[in-house]
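We call the chains A, B, C, D and E, going by the order they appear; numbering starts again at 1 in every chain.
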Amino acid sequence: MKNNSLLRLENVSKQFGGLHAVEDVSFSLNKKEILGLIGPNGAGKTTCFNMISGALKPTTGKIFFKGIRIDGLPIHKIASMGIGRTFQIVRPFYSLTALENIQAALGIEKYQSKFQFWQKWDNQNIKKMALEILEKVGLADFAHYKAGLLPLGNLRRLEIARALALKPELLLLDESFSGLRQEEINKLSELILQIKESGVGILLIEHNMRVAMGLSDRMVVLDHGKLIASGPPEKIKNDPHVIEAYLGKGEKKYVAS
Amino acid sequence: MDSYIITIGIFIAINSIVVSGLNIIVGYAGQISLGHAAFFGIGAYTAAILATKAGLSFWLSLPVVIVITGTIGLLMGLPSLRVREDFLAITTIGINFIVEAFFMYVPFFGGALGIGGIPRIEFFGTPLHGFAFLVLCLVFLVIALFISWWFTKAWCGLACFTLRDDEVAASTIGVSPVKFKLLAFVIGTAMAGIGGALYAHYMRFISASDFGFPVSVMMLSMLVVGGMGTVWGPILGAAILGILPEVFRPLIDYRMLLYATLLLLVIRLQPGGILGDNGFVKSRLKAFSRGGKNEK
Amino acid sequence: MSLLEVENLHIAYKEIEAVKGVSFFVSEGELVSIIGANGAGKTTILNAIMGLVPSQKGSIKYKGKDITNLPPHERAHMGIRIVPEKARLFPQLTVWENLMTGIYGIKKQISLEERLKWIYGLFPILKERETQPAVTLSGGEQQQVAIARALISDPDLVLVDEISMGLMPLLVDKVFEVLKELNEQHGKTILLVEQNALASLKISTRAYVLETGEITFSGTAEEVINDPRIHEAYLGG
Amino acid sequence: MKVVKVLLSVLVVLALFAGTALAGETIKIGVLAPLTGFAAADGESVLNSVNIAVDKINASGGVLGKKVELVVYDDRADAKEAVSLAHKLIGQDRVVAVVGGSYSMPTRAVATFFQEAQIPFVAAYAVHPDITKAGDFCFRNGFLAEVEGKAAAKVATDMLGAKRIAVLYSDIDFGRTLSKGFKEYIDTKTTGVEIVYSKAYPFKEKDYKPYLSEIKELNPDLIMVNGYYFQTGPILKQAREMGIESIILGEEGADSPKLVELAGPSAAEGFIIVTNLNRDDERPVVQEFIKEYEGRYGIAPDMVGASAYDALTIIVDAIQRAGSTDGKAIRDAIASTKDFDGLTGVIKGFNEIGEVVKPVQVQIIKFGKYRYFGVVDDPDIINP
Amino acid sequence: MDLFIEQLMNGLAIGAIYALITSGLSLIYGILRILHVAHAGIYTIGAYVGLGVYSMTGNLLFAILASMAVCSILGILVERIVYSPLLKFPPYVPLIASIALLLGIEEVMRLIAGPQIHGFPVSLPLATIRVGNISLSSALVMVYIVSIVIFFVLWIITSKTDLGLAMRAVSQDMSIASAMGINSRQIVSLTFAIGSSIAAIAGILVGIYFNQVYPTMGAVPAYKTLALIVVGGLGSVPGAILASLLLGIAETLLIGYANIPFPRDALAFVAMILVLMIRPEGLLGNIKKKI
């Protein structure tokens, strides 16, 4: 099982000054699996995310992707290995059109090479591929809009599309549902399930618990930087540690389940 | 054609080349530079020294000029990896002052006397002047424009655009900030170097003050007025700011005041530049207000 | 008459519609909680009441006066103070200076000595820390300074934002006790925004449950605690 | 309001231009001067002086039966601007000759272009040695810095008897070559004279105390200071404030009535310069000019203006003698100038490179005004 | 030794003059994060107004007050009319606007007062101090006295008054400051007024010390002070003052003891680049770099 895992965190900790943002966290994620990473504000979810995507280097511990150690590698290297991510606060390339956003991501191999980046990107082939991806996320109609002009729901899709353009094996989704309306949430959930079915492993940070529980195959709960529970959503929902972490310390009789 | 008009044309063409280079650094890759005149100067001095001391023709020295300015540009691009925005702006101002001081106080560069006696450019034995020189400048301008245009069409250009918009997001699609920022600096400064070489061979006498900080400001103003990040913006800006002072010439005393007032008005009313795409301005607005100082 | 009346408030941050038509009120002497998971829009509402974020639609009335378009400092002069999320002290100012910003412009109207005695009575640690820059304090100490900074002007309405976040459980208890005391013994009107639902409900008179920018349920603290929907709001049912 | 004013002045100027174009039949002479920018004060002095000259010439019937018309452009002391303007003068205005009333850098840059267009060019006061080397159409009415340096050295040693000398010079072409000439003379032509200190200061320097402190310790007989009046003025002031009592000798850059204002009357008193304008020259050309200048502009003239005045009158005189406005003819006539009764002394002529040959004037400040102190006319000094 | 002390005293005076200009700039940077190049233009206007009023009235104190008033108003206007609407744009936009403003101010002063350099002849009620072979001119003494007074007043304002507290609060967190009842707009204006009045005093002081007032007198300080506020730590006024004093001394000693005509301006920038490499937050800086 361990060797099959797509992503594996081994005893990862991160300290900022005296603060233990993440403490001794281990978990793994398989192909074609959605793992929900949840926890109250300040629990260390985003720090975990940033360590996997390369924005932060763990203080101690190891992170493996397909058996290769990736902790401490620069972001663009990790991206080129097949890890795509989205951001909690969307970060599309505002001055580019939706299509160009995707086209940019399709260049991932060119950017790594010595000279291929001189080639033209604006060609039919790339355009076609980009359009296909936009179509997949339902943004084909907005292909020629500047990203800066798109509403949030579409930007969330655009970010997912941009990550998909990397042909990732692992997709990191950081609160992709926040700020969306219900119908948008439904549409996006469908899309994520489709992506999973295509064989991609997905790590999902989500605070909308209804969504997270609905989508995840397994969940990992962090509180104050520590892993306090893990397992299938049903089990998590009734875990007393989780309830306490979310609702605060209280007599359990108040929390009718 | 009138030699005065030709001269103005030559300066506009040279400035367009140099500002196109600046556009690649600032407009495409989003790295503020207020020291571009230093590279213009490095190009001019390299060409002048190779011509007067080594007797090299313009054509032979051109590759050397490109390599030298590009290399120094690469070194000067390094601070952009460490510092941002205000710090980078001040650092590039500093680079300009230091380079100017170098030309001024190192005897090898002619010191305060500058370098004179730079020969004309010869084309198969015919010295170029007047109209022929303008044509030469325009040929280089076309090349610069082509590079500038190609940059918008090639993967490296796209990579720079993503860096300009959002460096972290760019990294997540595999763009190495180090590689592409430095690439923009190398190409941008090399273009300034070519402009400098043309300038030296046209003026035939150069001195350090031709490449001082005010020249950098003028170049950035041309870019901002014309439209940052657009292929044609540098030419429009160089033309407007090149022609306006000449048009105002009859005003003598009020000329520079009018010029300053106009520049201020353009910046105040059209901060995205005349060719600047509204969408671009708007998006920059978002990009910057998100990192605004009132948050966090 | 209610001290604070919010009607049909809409707030959007760069396309994200964070608050979608929220209405509620706070009467004088009440301690009202707005609870909900993170991202529900609680902080946005408080910031809008203080005037730190603009609202797109709806109105905010305070002491019967429409304050929807007033700048924050004028609202502050009318007696509203905020304890912001993560304290947001002025990091380079000392504790003393941070406290003094709380009474900027009204120093002469109050008896400072008495007020300080009271504040230091509530938070004795602050006296020790008086000359330290805020940035050197621990998270709990920062929260105490933030509360003190809001209280020192003797405001009529205190807005308290996520005060338990990142605090040790022991401190959370202490802070809630102080809030309770302020409300019950000093008659302060408090609007509390909390993720830690149970702790805040225990000291509240009434509460509103906020889910993705909308109020889904409200009632007395007792009613809310005993309603199964609260569990749903947090854990998705 | 301002916009309206500016627009009005545009119209007025354009109307004037149209008017002069219709008048035609004038002899056009170009003038380049820094009317704005950091050197604007010198530009103004040039403009004032050439206006007096041209009025005087036209009042006495002009030249070759035509009026002289000046085409004055502002080059901001900037080489690039000067080059476009040179082409404007050559291509659009079709001037017959040009007065270079600007600093070295722009003047040096334009000399080449006038040479190529075969238009006689007389630099009024710019000192860069390459200006005249641009070719046989380029002349200079001011002294070469080296000449002035040598003359200053002669004044310092012969007239003032200094033995221990400190040299403080501006780090621009002018200062470097002048101090070179100065030292060369001391080394080759004198014995027992020692240069105890020699340092350059950057052009934009404002505070000279670090240099003066060192000089003060050395306590020389004489300090040779080079620089413009806005440099030597403060040097004088600061030196006297610091209690330095050595004689201070300057050069033509200090030749401005502003110097006294900047140094303060007491510090300026007794300051000696080598220059080319002698205010006590009895010749009517000098006295009339001084009177006219002070009458028109309310201030005393300086060497910059006087040099420009001479550059213009030399050109006009040459046109008269050549009897033609052909560039080559005027060039030949300028080259053969002999004992011309100039404002800046009797000009013996120009040597084969195009450098002026005339005596160097020595002036001293007495009661806040430049007065005659002496003259240097040794042929081996003034003939470069 | 005498020479060294004299050099040191000179360097300190130059440093104090830099510090006067830089402290205002640093205050303004601290509150708006704007590279206010046109501060040097305000300083030029300050010198001219001071000279003008002094030559009309003969009263130096009156001249200083008038100049401070004029510059305060101009500073506020610049902030309201030019900067305020440009704050939301990338930082180079207000920077270019500021540079254009400086150029415009130089031109206006040239048109009003002429291109010539004006002397600023003031007979000071101070004697030249001579100790042994060391002499300190009256102008030098005046620079010391005035700058000590200004720095003291500035220190009192920023650290002992409510206004100073508000200024510091606004510069650290503008929105929370306004939530505490501080009128941020007003504080920003006041900061510009204070910074500009110090610039006015600096202009007059420089005018008297060097006996020169001219349209382009702001050109060199405009950029050198930028280097100084980086060296001192962007936004830190004590840092800016310290950096200025150190630079003044370093320049003077370098000129006095090294036989190269090193341009002062370049030295400031060399120092800046060294500081950025070794201690990016500046000598006394506390504003975190955005990375």
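As a working rule, a residue touches a chain if its C-beta (ideal position, glycine included) is under 8 Å from a C-beta of that chain, and two chains touch if they have at least 3 such contacts.
Keep in mind that what you see is a predicted model, and the values were worked out from it rather than measured.
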Quiz item: Shared touching chains for chain D and chain E?
Solution: B
Quiz item: In how few steps can one go from chain C to chain E if every step must land on a touching chain?
Solution: 1
Exercise. Farthest from chain B by Cα centre, which chain is it? Let me know.
Key: C
Quiz item: Does A-C or A-B have more contacting C-beta pairs?
Solution: A-B
Exercise. Please flag the chain sitting at the greatest distance from chain E, going by CA centroids.
Key: A
Practice problem: Between chain B and chain E, tell me the centre distance in angstrom, where each centre is the average of that chain's C-alpha atoms. | Solution: 31
Practice problem: State, to the nearest whole Å, the distance from the C-alpha centre of chain A to the C-alpha centre of chain E. | Solution: 50
Quiz item: Any idea how many Å lie between the Cα centroids of chain B and chain D?
Solution: 36
Quiz item: Measuring from the mean C-alpha position of chain A to the mean C-alpha position of chain D, what distance in angstrom results?
Solution: 74
Exercise. Enumerate the residues of chain E that touch no fewer than two other chains.
Key: 107, 173, 175, 261-263, 265
Self-check item: Multi-partner residues of chain B (each touching 2 or more other chains)
Solution: 104-105, 253-254, 256, 284, 286, 290
Quiz item: On chain C, where are the residues touching two or more other chains?
Solution: 14
Exercise. Could you pull out which chain D residues touch chain B in their complex?
Key: 6, 9-10, 13-14, 17, 35-37, 73-74, 76, 79-81, 83-84, 87-88, 90-92, 105, 108-109, 112, 116-117, 128, 130, 171-173, 175-176, 203
Practice problem: Under the touch definition given earlier, write down the residues of chain A that touch chain C in their complex. | Solution: 40-42, 151-152, 155, 175, 178-179, 207-214, 237, 242-243, 246-250, 254-257
Quiz item: Quick one: in the complex, what on chain E touches chain C?
Solution: 162, 165-166, 168-169, 172-173, 175-185, 286
Quiz item: Given the complex with chain E, which residues does chain C contribute to the contact?
Solution: 50-52, 71-73, 75-77, 81-82, 84, 88, 90-93, 97, 100-102, 104-107, 149, 153
Quiz item: Inside the complex, what are the residues of chain E that reach chain D?
Solution: 2-3, 6-7, 10-11, 14, 107, 110, 114-119, 121, 128, 130, 133, 135, 137-139, 206, 210-212, 214-216, 219-220, 251-253, 255-256, 259, 261-265
